[in-house]
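Heads up, there are several structures right after this.
Each of the two complexes below includes chain A, the first together with chain B, the second together with chain C.
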Partner chain A sequence: MLLPQHNYLQPASLNECLMALQDAGEFGQIVAGGTDVIFNMRLKLFRPKTVVSIRRLTELMQVEELPDGSLRIGAACRLTDLAENPIINDRFPAFSESIRSVASTHIRNMATLGGNICLQTRCWFTNNSQQWRQGKESCFKTDGDICHVIKSSEKKCHAINNSDTPVALIALNAELTIQKSGAKRVLPIADFFNDDGIEFMKLCPDELVTHVTIPPCNDRLIFSKYAARKGIDFSIGSIAARCNGEGEQTDKVSLILGSLSTAPIKLTKAAEIIQTKGLTDGAIEQAADTVRGDLGEVTNLYSRAVYKKQIARVLVKRTLTHLKNM
Partner chain B sequence: MAKQQISLTVNGDLYELLVSDQQTLLDIIRTEIGLTGTKRGCTTGACGVCTVHNADGEAVLSCLTHALEWDQESITTIEGLESDGELDAIQKAFVEYHALQCGFCTPGVVMSAKAVINKYPEPTEEQINAGMAGVLCRCTGHIKVKEAIRNTHKIRARDGVKGA
Partner chain C sequence: MPDSRKGGEIRQVSRGVTTPDVDTAMPDPEIQQRQKAMELSAIGKRQPRLDGPEKVSGRSLFTDDVQLPGMLYGKILRSRHAHAKILKIDASKALALPGVKAFITGDDSEKVFANQYEPAISKGVTHYIGEEIAAIAAIDEVTAEQAIELIDVEYEPLPAVTDLRKALRPSAPRINPYHDGNVASHNIDNYGDPDQAFEEADLIFEDKLATHPTHNLYSEFHVVLVDWSFPDKLTMYTPTQSGYLFQKKLSEAFGLTDSQIRIVHLNTGGAFTGRGLLRPHHYIAALLSRKTRRPVKIFSAGDEEFLTCRAGGDNDYVVRTAITNDGVIKGFEIEGIMDCGAHAAGLSYLSAMAGNYQARLFKIKGLRFNRKCVITNQRPNFFHHGGMMTGLNAAIMQQLNRAAQQIGQDPIDMFLANAAEQGFTDIVGGTFASCGLKECLEKVRDRSGWKNKYGKLPPYHGIGVAIGSMASGVKGAFKHDTSAAMVKVAEDGIVTLYTGIPDMGQGTHTTMAIITAEVLGCDAEDIRLVAGDTETTPLDVGAFTQRGTFTTGNAVRIAATDARDQIAKVAAERLGVTPDQLVFRDRKIMVNSDRNRNMGFGEAAYACLHSREGRFVMGNGFYNSPLKYGTLAWSFGAQVAEVTVDPETGEVQLTRITVAHDLGRAINPLAVEGQIDGQIFSGMSQTLYEECETDNGQFLNPSRLEYKMPRTYEMPQVEYIIVESVDPYGPFGAKEVGEGPIVVTVGAIAAAVSNAVGAFMPEIPMSPWRVLRVIHQNGDGSGSD
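And then the complex of A and B:
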């Protein structure tokens, strides 16, 4: 079974790559590890005319500590290399945990950090072969006019943002460096995702995420993922929880939930409760109770939406309790 | 698109191949080179039967990577494990501990197990689980496979180091 027809380019430098992306325009597709791109090309969800490979761009494979104490990671670093990186393990163990939780060893041996951040959104209808999808009307993502997952008057694709590392990176206040030919911009990863399953990230076709910069972090931080099989599956729900202080005392909390909706969700109500009351058992219980209201529409991928909402509550309660004892 | 020439070392033999944009590494291993031990399974990254080793002896999925990407690289497939007719210690362990049933997934399972052994000669339970999570066996299950991996170092000590 051959891949759909396309032109495959292997630029030798970052500049050459950005030029190629500019030439390709909206019919271009970046590939690094290939674990998500080739999968989507087989399903005919991606129909690129040009595929530009960044797998050999050594400029994007560095992990360096900057003078201000932040850590800059190239987008083409393999997940295996990052999971084993002693600096990341030492300084950002929760981020390291989020990397190790991505798929299986085989996939992490190929997949890159940039690829995981830009992971295509998924849903139970589109993530099937074209022939399978023909059994039903086309949905928004497949150029149709309906959403099979959540039927409402709203014209919105509800495919899930299912990647794990952005959840930890948002809690770490990481920034993305995005380049295109002749221009460069820096964007907090918290602002990178849109609440839409199709245009799910703020990235133009000619742009490339080149680096991830993580500022120093001395706060307590935990990442946790819940999936049917820990070893390989996509998350049913994942969480990153961060707070300062020690024990029950804290006045800065951030809670990020992933894999429940079209974009990672920031839980403001729950965080506020903990900020004012501290990490007491009562406050944790109260914070967990507010989670359901903050979720919005939850897409039922890998399990029913009702179950996913319950899992979100459990994840919040569990991680906050864990933070308290850290 | 016109085909491009790549040179790829498979199990120590150098191949000069004409490859199109549309072919994956698995396609050329099976059809161009003719080594059909490496199997085509789910082609989505869930089953692991297409596992081969990269130059560093790590398990990668040949169905999810463009063949053109492997120009000037070196890979090992299941056919490359034995040397001079003698099986590798991991293969002997699979035979002795009866770690297969129908055998379809076995090339992928053995290559994944070998990658675990390459990294950790005497792996812990956790290391085995992490390394084998990417492969799926639907008939014999994973208990016997894990037993074989755990005991590979004993077989290697008994028979000496053989194979790639």
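And then the complex of A and C:
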């Protein structure tokens, strides 16, 4: 499995990079750590004409504390560096946990935060070699007309958003800075993802995520991930749970589930139950019971749907219990 | 051409009592006593692998490191249909690509079969997803890959059947011309008197267990490089468990003599029963090289590896145990339906071995194994590490642990009362000249703290015991089961050992060096090794059926002794004694009664050459089991596994495992522990994790990321107990530790999980979702039902 032919650009400045992206248009592909995109290219899932590396953009490799107490992180920061960053460890331990839970040490040594946020959605059909895919009809993502995972009349790709840090970042109300040549916009990360395996993020081909900004947070917050093995696997399910107050008392709760759908899922019913009843054992059970309903359609991708629903329930129950005792 | 054999007919055989050429009854106890009392120096030391530094620093050569001048890259076009007619293969676009040098299809390989029923390249029809249907050779990998994409194939899909039960239905499509009713073989093996055994039982336990497809997951993927530029010499570089077997098969297929074939296996990056047989890609590389007169390399990339491997398949077992109220195990009855995949190769033989295995652990009256090998439109299957014994042992050990509980006995007590022992002749006909099974059981009981744990654990904590035994070499593949060795002693006293046994990670080369060193009174580090090439080493049948230490070890011992005798003759003259008065120790040759009278080992070798005779010291040796077929020595083992089960996620954690293994003699305790670690790892992996998920014959997780094999983080705490029964036939008393432990591990973990959830676990692997299903269906975690 070799890489398809392509031009490789390594711009030395952000401006140069944005121009290169504009030139390449829809035939361009950003590569950061490359731990995901290079592999997808080997699978011939993409055959970009121009690959634009952001590995030389030192301006996107800084972590700064802003005057308002927010933390601004460059999108090209390596996960290993962020996992070791004392400010992040001290102020946002749950975010730090989500970083450490990505893949393995070797991969985190290459991988970037931007790459993790923009991670391509995953599916056993598309994430196999081109020869392998010839065994079945092409799917929506591979220019075909069906989805192998859920066969319905709905024309939707059900690939999963399998990345870990966005789950914590959504709970933290983080914002993304997105730039293109001559323009810049800021978007809450909670609004960045679409419920679609193909158009899974609100990002145009000529745009680049440059920074992630996390506002101060004094609430209790936990990130937790369930995977088949320790320290390598993508999540079967992940969760970020946040609440204010102490002990059982709380009136602001947010629960985000990851890796169970095409986009991270916000659990509103469960959050409401805890908000009104507090973190009592009864309320936690009750909240956990609502999860199945809030999940919507769960696919068999990489794990059985029934099992994933059960894992989601367990994640909610265990993290809420953990929050209570925090 | 393979002969067309009728399926459907059942071959019912009463088995048992091999016909040995020698008397395998107990050897003279005095000999055994002497073996035990032997003064040893190199053997028993914790010797790090001799090739360790070379391997970890990346300097060891593997097949893919080899580049030959003018080498081409081969690539195989694989079928993407589980069953289809191939109407047309159009390679005109591929051939027009600059750099493409050859294109072959089934037309070019009609007489070449990878296995009895498996064509090297399928012609006219394809039987499974991944089957070889054409191949090309090109000047580089990029061109080869592009060319494959440019080949157009016209298929006409045929009805496919990928489920072994459906394949047996009368309405099922016929998959290949050789097997009526898709039955590759159907045998009923009767050992002892199974009917009488069940007659005498008070209780009969019956359970079903299913296993699923696996991959051997060796670290070096399948790769081959063939140089057949000259018609009378075929050189093949490839990882293998046996250069000899490859030579034989290739000479047969291509009408060459054995000596015209050279197999270079360098280092072999793992095997786990996955590298004993030639696969289509080996033949395809040869065909491409013959056609182009240039060396051709083929490397299995990505998911291709999962299609070229021949590991475990879907197997369904029904297991019945006959037992009395007071815990006497009378016998077993097993029914097995096993998926051969699209082409039958060796599975029937493997299943026979698995029946054999279960017959020799206890003093039972009878065992019946009704085994049917089925053809389906799946990848052809062989087996994973531990063979078919792992699945069966998982079923039987679970059942026995539960049976003991039901009749109110401690399973270890029950096992002890029924276990085989030294001098016992099992119902298959093997007599155990050495057997430390009971000692193993007693030791794991004490070390694991069994008495304080069994029946006393909190909910969802489980403990289980299992036992096993493994043949140290099985004669039967050929008339002989020979390993030969040569030992050269240069005039500077440097010793070189020539051996054909492949080291695929098990560390056998270090073992052989230790045996040589022991005989010659040197240090293992002093021994150089020439290995991995059939042209420069003497014959060795290879590294399977756990014959390495036993058979090759005996050959090496004999070769080294031959060299020693040659030196001893000269040394004895110089020291004024007879050769039998000499001891070889610490690189010296000493008079036993007065060790101050001695000469250096190098000095003696020099003296041999610079004598009147001018002798250059070269010791030769070979070993071939004196039996007509079968086994002379068996290892035995017992293990206690401890697990915790998360009742909400179904996740099983193996927390601790206590292993006792009777391997005769530990040539190198460090390597023994390494072997045990590896097998606990793989046993845990097979029991709890590994599975190729399939969808109509297509593997859904053909990658190392999605085929879940645990990592070192999941390793439990391991307690090692080495039991040395000193076998009279093994070199210095050694038997095997290459596959014995893994089968026991699988049984012990299965028994422990079943103990934790209070139910029989009906499937392997016990993936969390399956465990959860069992918990929801019947378990309450109290450890009893």
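Convention: the second predicted complex is superposed on the first by the 324 of 326 C-alpha atoms of A that agree within 3 Å, B and C clash if a C-alpha of one lies under 4 Å from a C-alpha of the other, contacts with A are read in each partner's own complex, and residues count from 1 in each chain.
Criterion: a contact is a pair of C-beta atoms (placed from the backbone, for glycine too) under 8 Å apart; a residue touches a chain by one contact, two chains touch by 3 or more.
Note that the structure is predicted; figures quoted are calculated from it, not measured.
With both structures placed on the common chain, the touch criterion links A:Lys136 to chain C but leaves chain B unconnected. Within the superposed three-chain model, A:His6 lies in touch with chain B and out of touch with chain C [touch as defined at top]. In the superposed pair of complexes, A:Val31 makes contact with chain B only, with no contact to chain C. Contacts of A:Ser303 after superposition: chain C is touched, whereas chain B is not reached. Contacts of A:Leu119 after superposition on the shared chain: neither chain B nor chain C is touched. When the shared chain is aligned, no partner comes close enough to touch A:Leu267: not chain B, not chain C. By the touch criterion defined above, A:Ala94 lies against neither chain B nor chain C after alignment on the C-alpha atoms of chain A. With both structures placed on the common chain, the touch criterion links A:Val316 to neither chain B nor chain C.
Once chain A of one complex is fitted onto chain A of the other, the partner contacts of A:Ile256 are absent, as it touches neither chain B nor chain C. In the superposition on chain A, the residues of chain A contacted by chain B and by chain C overlap at 1-2, 42, 229-232. Interface of chain A with chain C (complex): residues 1-2, 42, 124, 128-132, 134-136, 226, 228-234, 302-304, 306-307, 310-311, 314, 317.
Interface of chain B with chain A (complex): residues 1, 20-24, 27, 40, 43-46, 48, 51, 54, 58-61, 63-66, 68-69, 112, 115, 129-135. Chain A contributes residues 1-8, 10, 31, 33-35, 38-39, 42, 51, 53, 55, 80, 103-107, 109-110, 229-232 to its touches with chain B in the complex. Taken together, the chain C residues at the contact with chain A in this complex read 78, 80-81, 129, 141-142, 145, 148-149, 301-304, 648-650, 689, 698, 700-703, 705-706, 708, 710-711, 713-714, 768-769, 772.
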